[in-house]
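Both of the next two complexes hold chain A, though its partner changes from chain B to chain C.
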Partner chain A sequence: MREISAADLPALMTGSRLLSASTGFIVDACLDWVAELVDRHGPVPLVGVADLPPESPCAAIAMVGSVTALAELPPTGEEPELAVRALEARLGHPLRAVMPLAAATVNALFPIAAAAVSGLPLVDCDGMGRVLPLIQQSTYALAGLPLTPLAAVGAAGDVVVVDAAATRADPLLRAAVTTAGGWMLCAMNPTTAGHLRNAAIPGAVSRLIDVGRVLRTAADHTALLDDLTRVLGAKLLGSGRVVELSHDTRPTGPGLPANPTSVAVVEYTGAGRLIRLEAQNEFLLATVDGAVAAAVPDLLCLLDRRERRVVDPESVVVGDHVDVLVIPAAPVWHTPEGLRLAGPRAFGFPVGHPREGISP
Partner chain B sequence: MRIGVRLTPDLAHGALVAGGALVASRSGEPRELLTRLASGSRVDTVTWDVSAVLDASLGSVTGRVAAVRVLPGVARGTALGGHPSPLVRSLVGWRGHVTGGHDLFGAELAPLALDDQAAELAAAGGLDTLVVTATGAVGRADHEREVAARVLAHRPGLRLCLSYEVGGPGLLEREAAAVLNAALLDVADDLVDRCAAATAALPGEVGCGFVTGEGGRVSAERLRSLPVLALGADDATRLSGAAVLGGATDALVVLVGREVVVGHVRDGLPHVEPDLVGPHGVRLAAPRPVLSRTPVEPAGHDHVVVALLDGAEDVGDLAGTLVRPDADLGAVGAACARAGAWLDVVATADTADELDQLRERVRQRALTVVATSGSEPGAARVVADTARPVAYLRSGVYRLHVRATGAS
Partner chain C sequence: MSSRTQEELSVAELVHYGPLSQARALVTANLDRRVSHVELVGELDQVRRCRPYTAIVLHHAAAHGVWAVESALRLAWERGASCVVAPEDVGVPRSTVQLAERLRVALFAVPADPARHALDLAGAIASPSAARAMLTARCAELFGERTSARGIVGVVNAEVPGVSAALVAADGHVLAGQSAAAAAPGLRVPVPGPDGRPWAELVARLSTDSPGWVEVVRTILHLARAPLAAAVARGRLSLADRVAEDRLILTALLRDEPSPDAERAAADAGWRTAGNHVAVALRAEGVSIVDATPGLVARWRETFADRPLVPTADGWVTWWTGDEATAATVARVVEKGLTRLAAPVALTAGVGRPGRDLPGLRRSLTEAGLAAAGRDEGARVRCFADLGARVVLACLPVGEIAAASAVALRELVESPEGPTLVATIAAVLDCGGSTSQAAARLGVHRNTVLGRVDRLRAKGIDIDSADRRLALHIACYALLNAWPTPEP
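So, the complex of A and B:
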């Protein structure tokens, strides 16, 4: 059994930043806070799902909402315990483990905080393997695990329990999130370890720590790209300069937060191909000279060529020099069911995924 | 003619610039430096980069600032109740908490509960300066203003720094900016007096301004109340100074000295972003130049300006305009700094028309700031204007950045 100590957290954050570009003091503060919790309560056991008795109740922990809102309204530190206790009270029994919904930046930290304060192990798995905008867009949901009841806690002390069908839970929760200040910490997807075995992306937390260690030691930009290819199977779609940003370029996807953005990148080399990225919260679709080259659920990632940092749709600006990377999603996302739930059509694009029709 | 001066704790470095070209440069005591540089010529402006002096003074003002956060809940533990920056922690000698605050859209999260605490806050742990940072103040500053009014009623002489006056979204970034600002007020007061007196000693009516971290120029009075704006100005002036000497207004600038520093100049201004890590590892809401200290290859169609500093000779494979400056780059950049403004706003717009109107309002605000910073009438213009959807908030929420500049 592996443990997560305070010393593992910087590598975890580096690895998880590939999935989300969130930075700023709030991420530093959350990192310090979780390190403080782990120091106080002891290292968090990181267990494989098969290591738990099948009947062990467990639930996913995730912040739902905006990191910009979190940066304006930091957590009080009570949220993880309150969320776990509220879900336990609704379920009528205690949890025996928690797991991430989408281990990216602060959402890689909150499950560790919940595990530390509750004295529970953290399951070494993930429900997205990247960040997807809707809480029902998870491998947990894909496997039929229930999304609700879920308990959500805000920094103003609000506690909300949602009992609803999976498709209703997200809009109901978003309304509460807006009122609570733009984010809430949730305990959701209540299940058992036995059911989780075929529903989770295994080894996701330890992979982030391992990837983070590799990235922190990469000597230069070329070595970084080589490492990403070797460790994550990343593929370089092209390198170039951001020449255009435009907003509200297409109808919004059903029920998605935020507004769509388009980013145009002109390649340096050759004929200067035009790479166009369509985004809404995350980069969702990439076309090269008009042809679909990559799409969600694979992770589209802009890597700043100068700063060695991930650039997200919120931080990209005209003039940025970027590598456009595609990191393949977990195989389960390439099944017909996976693509139906989180492929390009699920976000309103009338196109298929490049891998559609190919056996995963 | 314009003079730029980069002031350090030991020495002043000056440059006289006319029509974008370097005329003369020298180092020395500020007042004598200005007189010798002007050498009888008519000087229109003197622009000071005082960031090195402000930066050096931070070590001597530890524990001088009291800070209160206005939040709906009380933070548990040291990490969330304090600040992740060691520098900010060292400057804050007393901390308090008041229940209250708004969300990003101006809705009240908790009523301001100050009745039992106003006297304690006014006492500020025996300190003379209080920083007030309320969640949501960037959109609605009512609670910061209310705290200010109530504590001043108890203690009229207390100096206050309200976070909404200093920065944009991000409570901890805004608090850091306000704490540094508060800690620097006395130093800035003295600096502004000295620089203004040296400028006034030149013949004629000479404008006195100061460079900010984003490379713009602000008035002496603005710097006196918001000295934090000047932190990091040396990075901005070195980039723009190298571009000026390289004859470029849009360029990738590579400063090769004891280390390699790479930045971008666009339209004569350094490329800046907010929330970047600056001196002492502090992230400030105020923008600063985007710099890379790792060697990078020039990309695409960049015009490259390479400035060789500190006797450096080796430029590796870099090709571009080579500059071996005869003058202090920061002084040249300061001389060429123009009145500037940077606004960082989170706001909602439900339709494309509303977004257009919102952007126009923010552009006009930025132009007004430039005009009131001493820009020549009619010269103010917007040089950067972005509206980016805020991820994972409801549709229609945008973060707007507008940068404007003028001639001064």
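So, the complex of A and C:
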């Protein structure tokens, strides 16, 4: 059985930055806090979903809200245990394990914190394999696991338990989040290990650590791309210079947080193809010379070619020299149901996913 | 079906006199493509199904942002569409424009409702003849507003899409318009001059050759003929006026004491009377000065721009003014210019020495005239300074003097050694009577020269006779110049 110690956390965060396609400028503060928790409570056991007895109750842990608000209103340290206990109280039985909803950014750290303080193992899986903006956009939901009841805890000690249909839970929770200070830590998707086997993306946590090590140790740019291809199946869409950056470039439907951004990259080689990336929190769509080349739920990310760091939609600037990478989503996302839930159309792009019609 | 296809409008036509004139042209590639259909696109997938030669008008519903415009461009390229029209408020950035340029898909932005624009486009392509009639009417209106041949041909080049036109003289010289049009075979419409006789041709190269379009262009070229003839007549009249005026001013200036009016008129004509002048005179053998002047002045202006060319009784004169002007530099410029000018008559030029102000100009003009009158077959441009007093000889009517000499010195000329003796007389007189210098010049022994002088005396010709020496010298000079040069 693998364990996560404080020493694993830097690699895990580096990997998390790639798979969330964000720089995670705020999570560094959380990293110290979680490392201290793991030091105090001992390494967190990382178990495969098959290693747990099928009837073991488990739930996902995730922060909902704004990471910027989290920086302004840091956790008191009580939230992870309070969230677990509140959900256990609502369910009427204790949990035997916790897992991430999305193993990326701070949401890769909070499940570790919850596992450490509650003395529970962490299941090596997640429900997104990347970051998606809505809590119901998960493979858990895709497999029919209930989102609710969920327990949410704010930094002021507010505890909210939501019992609602999945589609109503997100707006209800966001209303509470606004009042609670911009973020809440939630325990959700209560289920059992048996149900989780067919609903989770296995190995999601250990993958973060492996990817993080690749990013931290790759000898050079070429080796880095080779390693990412090997570990994640990443594909290089193109390399070039960011030539344009524009915001509020397209109308967006209600319910999606953040503003749309459009990034134009002109390739160095050949005819200088135009790679356009449409983003809203995350990069959602990539077109090459107008043809859709990649789209959610596959992960699109920009790597700074010179500094070998992840460039997110908020930090990208004109003049950056970048590699545009596509990391394929878990196969379940490429099913018709998966694409319906988290494909380009779910984000307001009236185009098909490049893999649409291809059996996963 | 095929004739219907041939009557279709091109994107360029829709831009020039159709609804696309209201649009902002972001990329003007492939404007010659015809437009067969119009598709108002509410969903991007519609572009995937559109037929070739379609004008794709993106509705706001499909233009979800810049990426959607780029997707539409890409699909338009794949489907062979003719152009893409996007709503202005999408805000097409530079990168998208570059993509359209690379795909060579024409891209337009419209400020108004795209749906209305699509309707207007559909109306225009449904009735191409109405749109073309508007073009013809517009050209006719513009022809009336232009007064020069260049302006009239310019209307065809600017307004008629996909057509380059030129006005070409009978000898192939391009008078106005684009030389490329003259080089390629295409439409040719004869243009009569003001006198009704054939004068030039309007030639046009068309990027598409549908019969309907060819007829439209032919009609427009026909419409241009009358304004062109009028413009030429105006030009000729004004040229003739200018030449007469120049001649008058120069005559007044060259008087001993020119009036202030003459100097003012010269200043109005752009002539500088003060300063250093170098005059040039042109001569053309066997040509009527009056007849040759209009054509020569027209060509002269093409080569030397505004430098005046004033006809005189013997030919034409002009002059260079400025401290830097020397006879040698002016001679070089004239030599080069005459080559470029390619005048249909053989011209010779004489260049005077530099002279200051009006008296200097007067002298320089006289010198230039003398230098131009010489009969030195070798040089087209002669400088007075190089000829010196010899210009006097150069002005002699050599032919007439030679004929008279042949009669006066018949015995000498007709004798077997006539040419040798004539050359000997000339050499001895050239050398001031020195037989040894004459022998050196002729390349013979002094005794040979003495022998020839004795034989001349025996024929009654005394070289030393003071009262006959000048006549004898001129007669030999004329004979030697009139006789053909012996083979080496």
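To be clear about the criterion, the second predicted complex is superposed on the first by the 352 of 360 C-alpha atoms of A that agree within 3 Å, B and C clash if a C-alpha of one lies under 4 Å from a C-alpha of the other, contacts with A are read in each partner's own complex, and residues count from 1 in each chain.
We take it that contacts are C-beta pairs under 8 Å (C-beta built on N, C-alpha and C of every residue); 3 or more make two chains touch, one makes a residue touch a chain.
Just so you know, these numbers come straight off a predicted model, no measurement behind them.
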Three-chain arrangement built on chain A, chain B and chain C clash or fit: fit
Chain B versus chain C as contact partner of A:156, first or second or both or neither: first
Partner chain(s) touched by A:348 [first = chain B, second = chain C, both, neither]: second
Per-residue contact with chain A, leading partner among chain C and chain B: B
Partner chain in contact with A:305 - chain B first, chain C second, else both or neither: first
First (chain B), second (chain C), both or neither touched by A:285: second
CA minimum distance (chain B, chain C), superposed complexes, angstrom: 12
Footprint overlap on chain A, where chain B in one structure and chain C in the other make contact: 260, 266
Residue ranges of chain A touching chain C (in the complex, touch as defined): 243-244, 246, 249-251, 260, 262, 264, 266, 271-272, 274, 276, 278, 285, 287, 289-292, 348-351
Chain A contact footprint on chain B (complex, rising order): 71-80, 83-85, 101, 103-104, 107, 109-110, 135-136, 138, 169-173, 176, 262, 264, 266, 271, 273, 275, 283, 290, 292, 294-296, 299-300, 346, 352, 355, 386-399
Chain A residues touching chain B - in the complex, by the definition given at the top: 23-26, 28-29, 31-33, 35-37, 64-69, 71-78, 133, 155-157, 174, 178-179, 181-182, 220-221, 239-241, 245, 247-248, 252, 256-261, 266, 268, 280-282, 305-308, 312-319, 321
Residue ranges of chain C in contact with chain A within the complex: 43-45, 62, 64-68, 70-75, 77, 91, 93-96, 98-99, 102-103
